[in-house]
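You will see chain A twice below: alongside chain B first, and alongside chain C after that.
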Partner chain A sequence: MKERIVVDPVTRIEGHLRIEAETENGRISNAFSSGTMVRGIETIVKGRDPRDVWAFVGRVCGVCTSTHSLCSVRAVENALGIIVPPSAELVRNLMIATLYMHDHVVHFYHLHAFDWVDVVSALKADTSAAARMAQDMSAWPKSSQGYFAAIQARISRFVASGQLGIFANGYWGHPAYKLSPEQNLIAVAHYLEALEWQKEVVKVHTVFGGKNPHPNFVVGGMPCSINLHEPNAINTERLAFVRQRLEEARTFIDQVYLPDLMMIAGVYRDEWGRLGGGVSNYLSYGDFPMAEYGETDSYLMPRGIVLERNLSLVHPVDARSPSEIREYIRHSWYSYDGGDREGLHPLSGQTNLNYTGPEPPYTHLNVEDKYSWIKTPRWKDMPMEVGPLARLVVAYAARKEPQKSFIDDTLKKLDLPAEALFSTLGRTAARGIETALVANWALEVFDKLMENLRYGDSRMVNHTLWSPNLWPDRAEGVGLSEAPRGALAHFMVIEDRQVENYQMVVPTTWNASPRDAVGVLSAFESALIGTPVHDANQPLEILRTIHSYDPCLACAVHLWDESGSYVHRADTF
Partner chain B sequence: MKEKRPSFYEECINKGVSRRDFLKFCTAMTALLGLDPGGVAQVVNALETKPRMPVIWLHLQECTCCSESFIRSSHPVVATLLFDRISLDYTETLMAAAGHQAEELMAETMRNHRGEYLLMVEGSIPMKNPAYCCIGGRSARQVVEEAAAGARAIIAWGNCASAGCVQAADPNPTGAMPVHRIIRSKPVINVQGCPPIAEVMAGVIVHMLTFEGIPQLDGLGRPKAFYSRRVHDTCYRRANFDAGLFVESFDDDNARKGYCLYKMGCKGPNTYNACGIIRWNEGVSYPIQSGHPCIGCSEAGFWDNSPFYKHNPGVKGFGIEATADQVGLVIGGVTLAGIAAHAVATNIRKKQMIENKTEE
Partner chain C sequence: MMKKTLVLGVGNLLLGDEGVGIHAVRELEKETLPPGVDLLDGGVCGLHLINWLEGYERIIMIDATLDDRPPGSVRRLRPRCVDDFPRLMSAHEIGLRDMIAALLLMGRSPEMDLIVVSVGNVGKPDDRLTPPVSAALPEVLCRVRSLLSPLPAAHERP
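So, the complex of A and B:
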């Protein structure tokens, strides 16, 4: 018997996502992913000063805060041929590293954990046993019986108040929860600790960018001056403050996040190491340049594409090439002059609004036709997964270290084959592995920055091309980066010193898009097929797989123009 | 804003339940929760004390930077707010429930705590087409209107809910509107900024819980405790302005000495916020301290006050301060005139704001 499950709002994500799924005999047989909000930011930046755009597009997302700003200044620098000073490039790497650590930890504990962790079960835990277990897992100094008893008492008091707040109406007691009460208590304790921890690591953004969320960037480098002999600039005290934050972050990631991840993975691996694989192609633009941004060989995260899960071959990717990346709108609320079946490169695309969905309030979308504000991007007409798993898969296939050894070690500890990576659990594990790597890289980058300063190179901005008078009449640029959630591309055309065209193809557009013109499913929809749903009224399993991608919807849906006639130029590249 | 909600215990007594029966219930509850017998006292205590303030937090057209900022709060830390001070019954970012179970929670709070719950809104409302922002199949406008009907007051978080923010910047393609333009029957507190400072968000909540009332607001509905001083007037680099010492380009010698960023386009002189005083992320820094001019993110329409790096933009509202850098360049006695001009500007600008507000 067919049954239609609707999850809307999908919570514990950024933005507005709706999932409609059909089940047959307790398994998902078809799925539809819909982004239900638009803002039109690309239209808004048209005609503005290209040096301002980072601030506008930074507001595409406050969760992946800073990543769009960075991508935007890279697009301007790429268009004008600006090379960022080496120390500024390192500070930018510290900005990205900080974002990764913050974002991945918050995702694991505050957005994803309740898919695996039963808070109510933690009330039944034996606190002595929990303490012993936690002490066996890591050297984290807080793991005493008294600590777990205090956490348990706090949760008991909270539950007993009858006001369950953010814990209300969870799927508590669902048979798909498999952790022991002690394991649940450990995870809940660390949920609370991570909540306190996350406000510390972002202080790196505050030192260099002035605030978080939405720290500041500048075309040509970073706005923060470093001057070791000045109280009014970033000096030795500020740098020591940053190093302290980075060290504490690494300690937490190594002693709390990774052990918890391994604990959860150890319990769920048999089932969830097989489910939720989704599409079998993986795209990464790469990031963390250790030399110039243009020198992709220096990237700590390599660039490339893996097709059909073939871990012996990495394909090159060229985001500028009109024959590689194309966006489709067969099932998105837009129209193209050439019809619904056409696919267009972002810079020769059209963005004509065409809402054909039901008038709200509605109960179901018309999934046979258009059903989302998200366009459907394809690489050479193939669907791609992007994100931590894609980055690690590309690095693994490229035999890149330390990624490969770390992945091999983790698989060995969990007693899983490499194929288990291609699953819901693999995706969640990849995020943790990546966080541990980034925590190390952050300190390496910091040390390299110190080395530059020792040699007297504290330059933060290349302002030789700051003045628009020096710019050509027309210039085009592409900014690429790896946001925590995956491959991010900003495309910019500058004409008469103003933005003539701006386009973003963002991670969740790849992952959460509707099917394409020939009916091929994108990552979310594809990953849900075959997933068992124990209780249609409590579709915990859907949340597990969707959350494993860390959806970010505000990023994904931004592409349209009210006039309905915004035709991008076809001759840009 | 008198506290009306009785505690569970008070409700029992009102309904004629004896204390003995209440304690029996607590014991049963303790067993049900799987606690050891020592937990009874905790349960009794929890049910006797005043319940936490129910809160509904809506997400409309936004980027979630306000929620992200909120969880950065250091005093009180966010866990204290969430678990001891308020009952955040609905927030898409953090709540365990999803789909219809999440929607039920909102309906339940609206039904059971009518006139008592606090409504917090993150994001603007698209007025050109209801389909531009839907939650659970309902339009943002419908959701916010229904939730506002039974709220005791509304907090509009950030520039989106207070003024429309980036999506309302020219040409405002979706017709994004702030909350106070849609909901006129309830008090709306505009906690401005993109995002607001974490401790400012927590501070507004704590004020409402502690003093059981709405904090004093300025003409734009912003709490005076955080938005009555210009960033310029509280900036630690102000002495450089007064002395005519300016950064001329990013990372030049003057930038490396921390001179004033006015000529780099700093909007501190026409921005009301607490950045210079509270600073960001537990007082670590604020944009100017880290070398970037203020872009004015706590002011309505600040996106259209761009280009950001033009130090003397021909934008309305800038008014008399446009001459301030010339004043600053001339040292000595003229500086005094600059200060006087600033004071006048403050009053003129405030008067204009109040008039603008009235026009809406």
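So, the complex of A and C:
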């Protein structure tokens, strides 16, 4: 018997995502992913000074501010041929590495963990057994019986007070939870530790990006002044502070995040190492340049595409080529001058809103026609997955170290074949592996920066092309980066020294988009097929797979919703 | 001595009236505030903001709300727990409510005031406020100033 499940909104993500899924005999047989809030951010930067756009796009989302800003300045630099000084490139890497560590840890503990961890079960744990288990897993010092007893008491008080807060929307007691009470308690304790940890690591941003939660960027480099001996500049003392934060971050990732990930993976691997694979193509623009940005071979995260899960071949990607990346709107609420079947490269992209969906409130979307505010990007007309798994798959296929050895070791520890990577659990594990790699890279980058500074190269900005008088009448630029949740591209057309067209193809656009013009499913839709749903009213299994992608709809679409009541007033304009 | 206080504007600057909290903070930046009072443009940051809230005994938050009141209506709320935040908060609600919940879970309990401005135009990209909400800014600023004044007004006293 067919049943239609609607999950709206998908909780514990930034932004508003709706999933409609058909189930047959307890498994999902068809799925539709819809961003139900419109995006139109491109229109707001039109006509502005290209050098100012970073400040606007940094406001799109509270999670990825710095990576949007970076992508925007890279687009200008690409359009005008500006070379960023080597030390500034390293500072950018430190900014992004910090973002990765923060974002991935927060995702794992605060947005994804409760898909696997049952908070209520943790209250039944034997604290002595939990302490022994934690001590076996890791050298992390906070693992005594007293520590776990105190955590358990704190959670009990919180639950008893009726103020569930973050814990309010859980499906506690669902039979798909498989961890023991002791394992649940360890994870909950670390949920709390991660809250304290996350506020420390972001302090790196305040050193380089200015005293503001929205870090500053500048076309041509970084707007900070480093001088080892100058009290008012970023000096030896401030840099020592940065190194300390980075070391603490690595300790937490190695001693808490990775062991917890392995604990959870060990329990869920048989089922979730097979489910949720989704599309079989993976795209990474690559990032973390260790030389001039144009030298893609220097990237710590390599650029490329893997097709059909073939781990022996990496295809090149050229985001500028009109025949490679195209966005379709056959199932999205937009119209193109050339009609619904057409695909447009973002440099000639159009953003004409065209809502044809049902009048709200509605029960189901008309999935035969248009059903999302997210466009459908394709690479050579093929769907792609982007994100940590895509980056590691590309690195693995490129035989890049240390990625390949790290992946092989992890698979060996879990006694899983390489194919297990292509799953919900593989995606979640890839994020943890990547975090550990980035924690090491951050220190490498830091040491390289110190070396440059000691040799006297503290140049932070290349201002030679700052003046618009030196620009051509028309220029096109593509800014690429790997945001924590995947491949991010900003496309900018500059005409008469102003922004003439701006298009962003963000990670969640690739992953959460609707079907394309010929009906091929994108990543979320494809990954849900085959997933069991034990209880249609508690679709925990759907959340596991969707959360494994770490969706962020804030920039994929424009979110705004009256949470708690599913009134789609927003859809009507 | 004034409690160490943070005036925190939140909202999305690119979504018209949704950014009213940020506009208010930018106005307050032009004024001389009592010692011990800091201003912060929190944007749409969620959990990331916890770092910036550390060390404050009192937080005055300014935000937009999508309720059924006429655009430009200003209210002061005194939330004591997460569930006291209005149901119909705006675009950044998920991050913000999680942030507050996390703060309480971490055992921090700053005194909280929430000044909410009812908005109509949300969702349409614009970095300006609509006339009714723009006209409400002076009242928002006035409320903040009175909350910051060392002697509470008669009706504010316990």
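Simple rule for what comes next: the second predicted complex is superposed on the first by the 552 of 573 C-alpha atoms of A that agree within 3 Å, B and C clash if a C-alpha of one lies under 4 Å from a C-alpha of the other, contacts with A are read in each partner's own complex, and residues count from 1 in each chain.
By definition in this document, contacts are C-beta pairs under 8 Å (C-beta built on N, C-alpha and C of every residue); 3 or more make two chains touch, one makes a residue touch a chain.
None of these values were measured; they are calculated from a predicted model.
> Touching A:G266, do we find chain B (first), chain C (second), both, or neither?
A:G266: touches no partner chain.
> Which of the two partners, first being chain B and second being chain C, lies in contact with A:H110: first, second, both, or neither?
Touch partners of A:H110: chain B and chain C.
> A:F56 in the overlay: touching chain B, chain C, both, or neither? Say first, second, both or neither.
Both partners.
> Check whether A:E196 is in contact with chain B, with chain C, with both or with neither, and answer first, second, both or neither.
Both partners, chain B and chain C.
> Figure out whether A:P402 sits in contact with chain B (first) or chain C (second), or with both, or with neither.
A:P402 contacts neither chain B nor chain C.
> Given the touch rule stated above, what does A:P86 touch, chain B (first), chain C (second), both, or neither?
So A:P86 meets neither chain B nor chain C here.
> Should A:W466 be classified as contacting the first partner (chain B), the second (chain C), both, or neither?
first
> More chain A residues touched by chain B or by chain C?
Higher number of touched chain A residues: B.
> What is the shared patch of chain A, the residues that chain B and chain C both contact?
Correct list for chain A: 12-15, 37-38, 40-41, 43-44, 56, 59-63, 65, 106, 110, 158, 163, 165-166, 192, 195-196, 198-199, 202-203, 212-214, 554, 560-562.
> Under the definition above, what is the set of chain C residues touching chain A in their complex?
Residues 12-15, 18, 40-52, 54, 66, 81-83, 87-95, 98, 100-102, 104-106, 122-127 of chain C touch chain A in their complex.
> Which residues of chain A touch chain C once you look at their complex with the stated criterion?
12-15, 37-38, 40-41, 43-44, 56, 59-63, 65, 102, 106, 110, 158, 163, 165-166, 192, 195-196, 198-200, 202-203, 212-214, 554, 558-565, 570, 573
> In their shared complex, at which residues does chain B touch chain A?
Residue list for chain B touching chain A: 8, 29-30, 33-35, 39, 42-43, 45-47, 49, 51-52, 54, 59-69, 71-74, 77-79, 82-83, 86-89, 91-105, 126, 128-140, 142, 165-167, 169-174, 176, 194-195, 198, 237, 249-251, 255-258, 275, 280-282, 284-292, 295, 297, 303, 306-309.
> Flag every residue of chain A that touches chain B in the complex, lowest number first.
Against chain B, the touching part of chain A is residues 6-16, 18, 36-41, 43-44, 48-49, 51-52, 55-56, 59-63, 65, 106, 110-111, 114, 119, 123-124, 153-154, 156-172, 192, 195-196, 198-199, 202-203, 205-214, 216, 218, 220-227, 230-234, 241, 333, 355, 357, 359-363, 459-461, 463, 466, 538-539, 543, 554, 560-562.
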